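Shared chain: subunit A. Partners: subunit B in the first complex, subunit C in the second.
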Partner chain A sequence: MTERVSGNMNVAGPQTRIVFEEVSKFYGEVLGVNRVNLSIPPGITSLVGPNGSGKTTLMNLMTGLVRPSRGRISVLGMAPDDPERLFRVVGYCTQFDSFPRGLTGYDFIYSYLRLFGYPHAQSSEMAVRAIDRVSLADAAGRKIAGYSKGMRQRIKLAQAICHNPTVLVLDEPLNGLDPLIRAETIALFRTLAAEGLHLIISSHVLHEVDVISDQVVLLSNGYVVAEGKIQGVRDEIQEHPMQVLIRCDKPGELASQVFHEDYVVEARIHNDRQGVLVKTRDADRFYLLLNRIAQNGIEIESVAPADDDVLSVYEYLIGTEESTK
Partner chain B sequence: MAVHKRSYRSYAGKLTPTWSRFSIITRYALKNLFSSRLLTAYFVCCFFYPLGCAVVLYLNHNLSLLATLNIRQVFAVDADFFLSFLGVQSGFAFVLTAIVGPGLVSPDLANNALPLYLCRPFSRAEYVVGKMAILAGLLSLITWVPGLILFAIESSLAGGGWMWANLGLAWGIFIGSAIEVLVFSLLSLAISAWIKRKLAAGAALLGVFFFGAGLAQAINAVLDTKNGYLVDIGNLLTTVEGSLFGHGKPVGISPESAWIALIAACVFCVALLERKVRAYEVVAG
Partner chain C sequence: MNEPRWALWRAQLRAIIRLETKKTLFSRRGIWIYFLAFAPVLIFLFHSLYLMKTGQAGDIAEETHIFAGVFQLFFLRLAIFFGCVGIFMNLFRGEVLDKSLHYYFLAPVRRPVLLAGKFISGLLAASAIFGTSVLLQFAVVYWHFDSNTRQEYFLHGHGLAHLAAYLGVTLLACLGYGAVFLAAGVMFRNPLLPTAAVLVWEAINAILPAALQRISVIFYLKSLCPVLIPTEVSLDQGNPLGFIAMNPSPASTLTAIFGLLALSLVAIAFSSRQLRRMEIDYGAE
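Right after this comes the complex of A and B.
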């Protein structure tokens, strides 16, 4: 499905937002992204999609590393084709493990700060602070070649935040982190977001962004298929059945009572045989029906949406096959 | 409205000049290069011949030694002397290029490191200039720099009259070496950008020179022409340098044609770099 769902991301002016207007990018005949319209506010925004869906292209477009074939992009009111201004406020962390040979963690951050034009003393101070922020102070003097995968991810994160940017674009930043460091990194993201930064995070591991994102942008085959808060996106998908898990004492009887309604697409007993999974096209009418059923002798313990996480939304929007790639 | 409390303050002080930022890449690359003992040893060897020439120049003007040998002057310090000096140093420069050049851009492209450089206030042109400055600096140190030092030594020993009479030689040393440094640097960068394996890139650089010479001969033989020499970069450089010293013995083509061919080669290399040195490689699928 390629229909775009309007979210609730359009609230403030372009000076505080990352705005895509009808942006398309083609690599020759290969589609990168097509007709993207987005307005991303401060906070944590996740770009979610399978490989090849256009996440990295979208990030490269907003950092000016690739130019759009069509459309207009504005990052906090700036055009991305002015690196001297743009990269004062944007930090980018690529998904690739690429480091110049022979450098220590400190040298790596310090040398990139020198590329920004900061003098020696300032670069040194900022490098130490960035390394400290990603909890790598003890390893700063060691060569990056000897770092673990998690340490390399963190030093890459340090190079993205070292110049105190306002927009952080992080391509798969949680890849390879062990649970403890992952939790620390997520806490760092939240701190940065609380400071008013824009954090744009890409991931194909859906559940990890589900819990940290303020907004999500779901991508498939170069198209934005949905955007907004997870709950909001789910509410917008009227044409797809919603899945509800009802815990009750008589699941078989409940299933037979709801199944004859035309807005119920599917009703099946849950694996633990203590509830019914119902797929409905009209949640409001279904809840009214449940009220009536509850008054007629079936004891309902709980009613909960069974698919309100990113994975379910994603499966609805682009199909199960793609989301499991 | 949300209230955001930042735990840092952005730097508002003076920045280093934009034009000088390419040198960060050069500095770190040189540091890395000279961590290799083999390269350091070879680089030191590149100065033996200039040192020998300096000694010979001194002896050439050492009156007591000449009197002992009962000769007025051992040899004339003229265009041939500096042309042969540049010829020897060109050999050293070519080998140095073959060692250093292939590793300049290819590792960054192979490891997708270019986005790391280019997500700064730093352009593709600055990246290329930074990388090129590595080779240009090293090659300069073994070609026109010692050449001009030898010219200065001879000027001080032979007197101001010699210097003014041979000022064109200094110009020839500088321009001849500079065009060589430019061609070697651009060629090796372009090859390094297109061939990701260092060994293969080194072989390709050798191939451009040696295969080019062979191809030139083949074209000349088959088409009964002299224009085949236009693809022989070694010959083009020799022709240009010869013309600068007014002592050239051009093989087949005129100095003007050689200049145009070298400029075309440089433009071609820049076009190759422009196409390849990008933040992201586009693989048509």
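Right after this comes the complex of A and C.
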């Protein structure tokens, strides 16, 4: 197992967080997750890892669909085995692509809301609003059995948000969505996160979560191998030098000026010959050096970290053979 | 317990019952239950039509015994038994097979409330189906008698009392078998084994020791049936299954009713305990 890396997700108290304390889950002999310690703050948190890494198990644990073999979980101070309180504030869009038989999209959401004890008029109004929010109003009166994969995904999302939860757990929510709806859905996630919700999103598509996540939890074979803001996690990985791409007018000259510094491991002209890719063990000192170089006649257009995305971090921590798409 | 919580549970029960009763009564999956329930109606209808066509008068006492035999040997032991297997065992198991049970588990509903809602909806559906069948059976089995004979039997004889008793036994049968198969449905993945085990247990009830007889549904139901079927005759004639109809030590009416209620409560409490521990694991199905 890879050593665990933390990028500082901890700030507020347990009443505003989703907390896992030494949580393990075994399915008979099979490991689901092992010794998970997490404290997830509001915002968009992505659970990232290949199939079988434990993403869905973590989600099922925090929503009480499965119970931990060991350890304790609390969701905003509530235990997952208290559905009457928990699901007032939690919505879960599962990965199961199945629905109760014979229901229309509207019936599905309406019936679910009636289970909350809401009266007819309120349930109806909330169902219509949720269906509208996932852009499915035109198909609301049709049987779910006739929906496309993308529509089924959206009606599940409507079911998860219809009661205005403060914690939204979404298992591979972008699966099966076409690019337009995918963009709309990501925008909806951002809106919900801006409203102060906890959004827990699982995905095995790294570039997808990289764009939308405030923080990530990287999983491998049932273990949490890193957690926190992605840049913070990257900073903690000492054994891999930081990669920085500098766009400038004289890449050859820049490379020769930085290469003699002992904290610069490698300086390579970029393939398009309009920049230099530098690997450094001390990013702070390197940026100071760049400031000096910029004052000495090289025009620097941009400086950007080249490997503080989820994909790079995942490859550093887990190894390329296990990396996701 | 405060009032709003009771109000919430009532509202949740109503929502579950509305959803589940519709699902049970109008499911294509359950059509065979209707065939099973209404088969005796067709048999009695053909019987009456035959007697009317051949001009035979018939005998009220004989028809009453025929009805009692069909009710005890077919309707209770097979129709209601397997009907309850189809209805109650699928209340949770059916949703696990459809992979839709998690929607209930993701609602703010306590699992005992969910169990109660599903059980009541199953009981309502089973009672409606089998109760209607009993009413129709009673209507057609005496159909070929003239109106004076029918009036005499129903208004001045045992007719109405028997009908009420058969309806009561039907309701209790749905309750008892429903509770047993609800428990089997949350406990076992394969419905065949528990169904076969209960079927055999119920069949050999009459030859079990007295204490074990009481751990069955049929023992109490037989005790409540208003007409005994002449088992001695079938046994004397060498019918190897004649013992099925025997009831060597029947319970009193009150004992039978409370015994069956107690048995059902134990089965429901067991189901509730199992359901509280249940996890969503469709992959194992």
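A few points about this structure:
Operating definition for what follows: the second predicted complex is superposed on the first by the 257 of 325 C-alpha atoms of A that agree within 3 Å, B and C clash if a C-alpha of one lies under 4 Å from a C-alpha of the other, contacts with A are read in each partner's own complex, and residues count from 1 in each chain.
The rule is simple: contacts are C-beta pairs under 8 Å (C-beta built on N, C-alpha and C of every residue); 3 or more make two chains touch, one makes a residue touch a chain.
As the structure is a prediction and not an experimental result, all values here were calculated from the model.
Bringing the complexes onto one copy of subunit A puts subunit B in a clash with subunit C.
Touch criterion met: A:Gln159 reaches subunit B and subunit C at once. Using the contact criterion defined above for the overlaid structures, shared-chain residue A:Gly252 touches neither subunit B nor subunit C, since it reaches no partner.
With both structures placed on the common chain, the touch criterion links A:Gly146 to neither subunit B nor subunit C. By the touch criterion defined above, A:Arg67 lies against subunit C but remains apart from subunit B after alignment on the C-alpha atoms of chain A. The partner that reaches more residues of subunit A, of the two candidates subunit B and subunit C, is B.
Of the two partner chains placed by superposition, A:Gly77 touches none, neither subunit B nor subunit C.
In the superposition on chain A, the residues of subunit A contacted by subunit B and by subunit C overlap at 27, 60, 63, 65-66, 83-85, 87-88, 91-92, 94, 96, 98-102, 111-112, 114-117, 159. Of all the residues in subunit B, the ones that touch subunit A in their complex are 2, 4-11, 13-18, 21, 24-25, 28, 31-32, 35, 107-108, 111-113, 115-123, 279-280, 282-285. Across the complex, subunit A is touched by residues 7-8, 11-12, 15-16, 18-19, 23, 27, 95, 98-100, 102-111, 277, 279-282 of subunit C. Taken in their complex, subunit A has these residues touching subunit C: 27, 60, 63-67, 83-88, 91-92, 94, 96, 98-102, 111-112, 114-117, 159. The residues of subunit A lying in touch with subunit B in their complex are 27-30, 42, 60, 63, 65-66, 83-85, 87-88, 90-92, 94, 96-103, 107, 111-112, 114-119, 122, 126, 129, 159, 163-164, 191, 194-196.
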